[in-house]
């Protein structure tokens, strides 16, 4: 049974409930108490997660939940990312009518991501999906603007559709295997008809793609990134992916090789990165551009998933890349959050002269997303490329490399004006009110993005352990 | 239950489920569509009973009937429509939709018919519902443990999305305004 | 009643649901399409349970599916309400500003 | 010690970035002081290395970075890298002195260039593929900002082109590195290990593909025909300092990659592909020279001569891959010449670009036909430019001759077809004489009026470079003595 | 000690020259005296070196040391170079008024390079000297840089000789490959195939410097430089070094079956053809220039037929002769401002001292006995006679022509019709060197004495008869001046048509190609970048103008295409998503 396995999750859940309840009694301007509660809960959860309770990796709840290295990494990443999101939203959310609810929803959605990452059973995976998605719809719609409502609608409808396909897939797979636990999937499915296996697998993977924001379920990502509040946009482009990709890795690791899963994931990866990059080319809205860029990033992140179990590098590479990606992406969104009046790329004109530190953070984050060393994403890309090649998909590595070059183009379209290089005439938007939380978060996240790269040896050592099943 | 009865019942229910399902998109008002959907669900719920899933079948029937009732109410309340009277033909590109649906059906049907499904493993427990209960409290406890935060999240999320006016609109920024500032006064002791 | 026939019916329900989800303009009608798809999934899951593996897992799965249906529908109503309030729209076509 | 050399500029750059109150003059002189100090350290390293008995890797430092991936922070110097490290130090000192007159954001410029210097030094010191790549990529980033931030004309566009193009190259390089890494058993990125036990010896196909990826990446950076088209616009629109660094140091990263990575780690594939390299080298030499001959823009012309000069290097390393039993001496000569050419080209072209920058600074134009009779109003400028031009066209007593003579002698000795590239020497001479004639001689033409002769900062910066050019040209032994043992080792490695 | 002499011999003028040239105007005041002193010391050192025959070698490049040495050949040539240099510099000190520091500096560097050429014993050393010589010749010919014409002439000289120099690069590579090492004396030991390549390379380089056919035209253009430069360049220095190199590598030539014959005929043909060209000239300096080629032809012929001593004697004697002639021409040019023969008629009478010296030198050039060239030429021709009869015949024709052009100049200048107007006197600074050189021209025939002792008196007599007879004929009837000869056989035009213009055309075409095609793809991408990256103000009017290639178009189109699926219409998202899933399942079904 070992309920202690779930202590971090419990802490997050309690934090969500407490934040929500406290909000009911707090005056509008003093909702920071709810924020503190949420932060405290996350900190406690992180503390528990970081100290392996009861000694190291183990399974819990009759093997339905794997509290192994990957889960620990996902927990810490989700918690860290959520903390950063709350931090960077400190200015935007303060005093909002729904501030406390936002914290509760963020925690709940994060909890869903953690549960997905740790799920060692199809049913847990499905429930984790629900837990992650439902608060997400609300978060997207929280802004209550027309665009936010539209984005919420699209997020919801896509989420519902892919939730259904996921349940369909779970039904098929569990029917074939006669059980839902991954340990049994691995043994039972090997002898089953590949056609049915393929159908079920694709259906489940499709659901995971929704959470990850990859093709073919990527449609909501740019819309939500553009229309939701910056805080939420940062969250939904980061945290769900962590859960979904670790879950995908776990699942594909468990599925038998009678179906060409690497090919499926490779095609989805290639499609995601290519589509995301190309669609980002001509975007003019910074957040929409970031939204598309996350679609392409998922493509790279799917590389190790595609070779799950076929290369020793794959799992640590995935986790390392996720860590680097989370920090880097959040840094970019934090910069956006710090400059709410600048929505279009052109409005970033001359950022370097009026806000040099923010410009620096933007530089680190965008070049980091490209994969410029020594930022973490570089090591992530390097190791995922190596893993994909090692796992028998060298062509995918080449596609990813070409895509990386293409991606440079649109990131530079943003950096160019920011560093005052295109036209001297542009009347750079005068910086509005200071947003200290977001600025600090941007710097911290950018520093983290660099540190993950420089300290990648440490990170790698921490995440280099096999999955439990 | 004799096999013949089961077969007949199954086919009747199947035809009802699919037929009423199709009817959902043929009728010209949302209310009727809701009723058709409810019938379809009830048919499937009953079919589950045929498959030996007593508890789950009943739950399905009950849940879906309730849900459809809510849906009808919802439409009247929020959408401001008189469901019975609004003629409705609001579709786009039905050909595409039909094409995709047909392709999906062909694919799934081919899967259902052509795949050599494995033989049955194990026998149904004597008391299906008890087995379910044991599973929920035992090996699959975590599933249900996780469903509860899902429900909690749904509650919060739905309220946050659906209600335009929060507590600060009603009670003021420091929650001290009494009585609440509601457009339509109500509540206990009012 | 064999597994094949059950699955066939389930597939039919699923396909009808897909048709609805793809063709309907009104949000609530799209949701009905989704419900029908889930309806098919429920039937298929029941079929799998009975014919392939009558283990408790299958039942729990059905419960999960039903809960999923419920909570997703609840969210659907909430989102539809939000859309109605903020845009005065109840159709997906009317919410198509975010593109490209 | 070596890390100090590498990171000293970066350490100095940080306060320059972080403290906005640092005055312009302070920033400029800080830059000069730091580069000078770094050059001093490099001089110390040089002397110690030259006087040490044991050739090979010295000043080695190794720190764990990503041990599980087989990568570490591993640096060291040997006869191949030391000359280029020194070159980097010298070029940056010259640039720092030259930029003493810079009015546009000197603080940021100093910081950026110091950062750039660290990346260049780090690259040449790297003994680990990942470390190499890190600095390789960062140098691109740094140069992008140098061009975009301090360039003129269509700088944003040229910078973007530069970035995209060379970034493409760097990713090809990365793919090649991954290939090497995966082929090594156990997997490692360590250059020393990979050189000692070259992977992929028995799989010509994969080896060829990996080499192709490496070559693509390095060829873009070098650049060789047909991957050179980023170079002319980048130079044309770059500031003088940026051009000098770009041509003087950054281009060498490509050719340094040949001798440091591609040749010793993939000897079999290198030998198999040597003819391709020779062909590319020949085409680059002739094509670069001919296209340069047709240019009307002085800076573009110099840029194309870079294609020509770097083509000699490719030619030489290609010839070094044509292994025959009795040509060892010739191949060593060719490799020595190639490394000498890197140093020589760095110094000469650095000087030429700095001098070309004077034109931009005075009259905002590089058009050859716009000037004429400049020697009349700017005699010192004419002298310096003439010296640099003659050095560049390979006149004896200048370093270029030392390099080209070795390249051709050794190259022809190893692979007679190299002789096809000989006319490049004459075409280069022709184009420089033409340019000199148009710009400096004849009657005074419109643009030349009011041209102020070069200032002390310009004189000292270019003078430093040209003095070294002459020094190497007259007394090549100190340099060649460092290079030769390393070249011999390399030739042995390629031949094994 | 002796090594120091050798080093100083080269380094002293090089360093002083470089210093002067770099200091420029600042050193003008001391330039002349410093330069003359240096040259005088140089002469002393040269004599010393010729007597002590030192040799030195130092490491330079791997596999290739930097070797210097003096042997019998260079012992004869070195003092000549030093002496002519000194005398020419004395003349120049009086003649060149502008920028003396730069002029003398360059002259000294030039002299140092020539000295180095004469003493080089290894290919790298030779090539260093060879190229520096070419480059300084460029700077000297284009000394008056205000005239683009003159700078262009320098460029032609440099580029032509440099083209030929490629032969030395080739030779060096071949020598290394042939296993002979880079010592000049050892080149003949290269393995047979490579030896031919080495030999060919050296021959081409030497023919280029010596202005033999087909490279002769650069000499004509070089006449645009100052007279002092011409005097040095044509007599003891650059041109002579071409012949000198062939003499030095004579064993190499002899070791192949073809090189000696080829070289001999190249020399003979040049002597004939350029002799004819000289006859056709109407400009004194052009006449002398063509005669240089022709006279060097005898040296080259000597190298071909193995008459090293005769060739050396010819070289030395010619050096003195030609230097005297050029200086005299320069003196008159300075005094009268013209070098056209018509305008110079009677000049010798007006300045008799210079005139007499000129006359002696011209007679020597004509091969009149007993002056030097009569003897030395016969030293060459006698060897040719043994080598082959046609070669000897060609030599005789060339002798006849040399008498013709020498006579032409002589009789015009000593003509009595008119007395050209101009400055009154030619200073001692100019006269003395001319006189000294003329003396040398008259007497240096002694160098040829040792072979003459064994020479065939018939041959000497024939030569004397030809020379005197031709002189008489020229005096009586004059000479024809055919167009082809006057225009230097159209060599420069041919070089332009065959080499220069095609190369320039190719360069222009390649440049266009480079801009339009090689760069096209990238241009297109950046074009679109520009459009996006710049703000609206700049965007539309600077859209990619011309070159939009497939790659750029394709990428842009793809980027636009990639945004198309994001229609904003939810049901289309649904359709796409379901379609992708269906396809994915289908693909997996197919591959499984």
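As written, the chains take the letters A, B, C, D and E, and residue 1 is the first residue of each chain.
Basically, a residue touches a chain if its C-beta (ideal position, glycine included) is under 8 Å from a C-beta of that chain, and two chains touch if they have at least 3 such contacts.
Predicted model, so just to flag it, every value in this text is computed and none were measured.
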*Can you list every chain that touches chain A and also touches chain B?*
C, E
*asked:* From the centre of chain E, which other chain's Cα mean sits the farthest off?
replied: B
*Pair of chains whose C-beta contact count is the highest in the structure*: B-C
*State which chain is most central when centres are taken as means of Cα atoms.*
D
*Starting from the mean Cα coordinates of chain B and chain E, work out the distance between those two points in Å.*
99
*Return the distance between the CA-based centres of chain A and chain C, expressed in whole Å.*
26
*Return the distance between the CA-based centres of chain A and chain E, expressed in whole Å.*
73
_Between chain C and chain D, centroid-to-centroid distance (C-alpha), Å_ = 64
*Of all residues in chain E, the ones touching two or more other chains*: 525, 529, 533-534, 563, 566, 569-571, 574-575, 578, 585
*asked:* Quick check: what residues of chain A touch more than one other chain, meaning two or more?
replied: 123, 127, 130, 134, 137-138, 141, 144, 152-154, 157, 161, 176, 178, 195, 199, 222, 279, 409, 412, 416, 422
*Give me the residues of chain D that touch two or more other chains.*
156, 160, 164
*Pairs of chains that touch, anyone?*
A-B, A-C, A-D, A-E, B-C, B-E, C-E, D-E
_Quick check on the complex: what are the chain B residues that touch chain E?_
92-93, 96-97, 100, 103-104, 107
_Residue numbers on chain B that touch chain C, as the complex places them_ = 6-7, 10, 14, 17-18, 21-22, 24-25, 30, 33-34, 37, 40-41, 44, 47-48, 50-53, 55-57, 59-60, 63, 67, 70-71, 74-75, 78-79, 88, 90-94, 96-98, 100-102, 104-105, 108-109, 111-113, 117-118, 120-125, 128, 131-132, 134-136, 139-140, 143-144, 147, 150-151, 154, 157-162, 164
_Contacting residues of chain A [partner chain B, same complex]_ = 1, 6, 13, 16-17, 20, 24-29, 60-62, 64-65, 97-98, 101, 104-105, 108-109, 111-112, 115, 121, 123-124, 127-128, 130-131, 134-135, 137-138, 141-142, 144, 152, 176, 178, 191-193, 195-196, 199
*How about chain C: which of its residues touch chain A in the complex?*
14, 21, 27, 30-31, 34, 37-38, 40-41, 44-45, 47-49, 52-53, 55, 57-58, 60-61, 64-65, 67-68, 71-72, 75-76, 78-80, 82-83, 85-87, 92, 95-98, 100
_Which stretch or stretches of chain C touch chain B in the complex?_
1, 3-20, 22-26, 28-29, 32-33, 35-36, 39, 42-43, 46-47, 49-57, 59-60, 62-64, 66-67, 69-71, 73-75, 77-82, 84-85, 90-91, 93
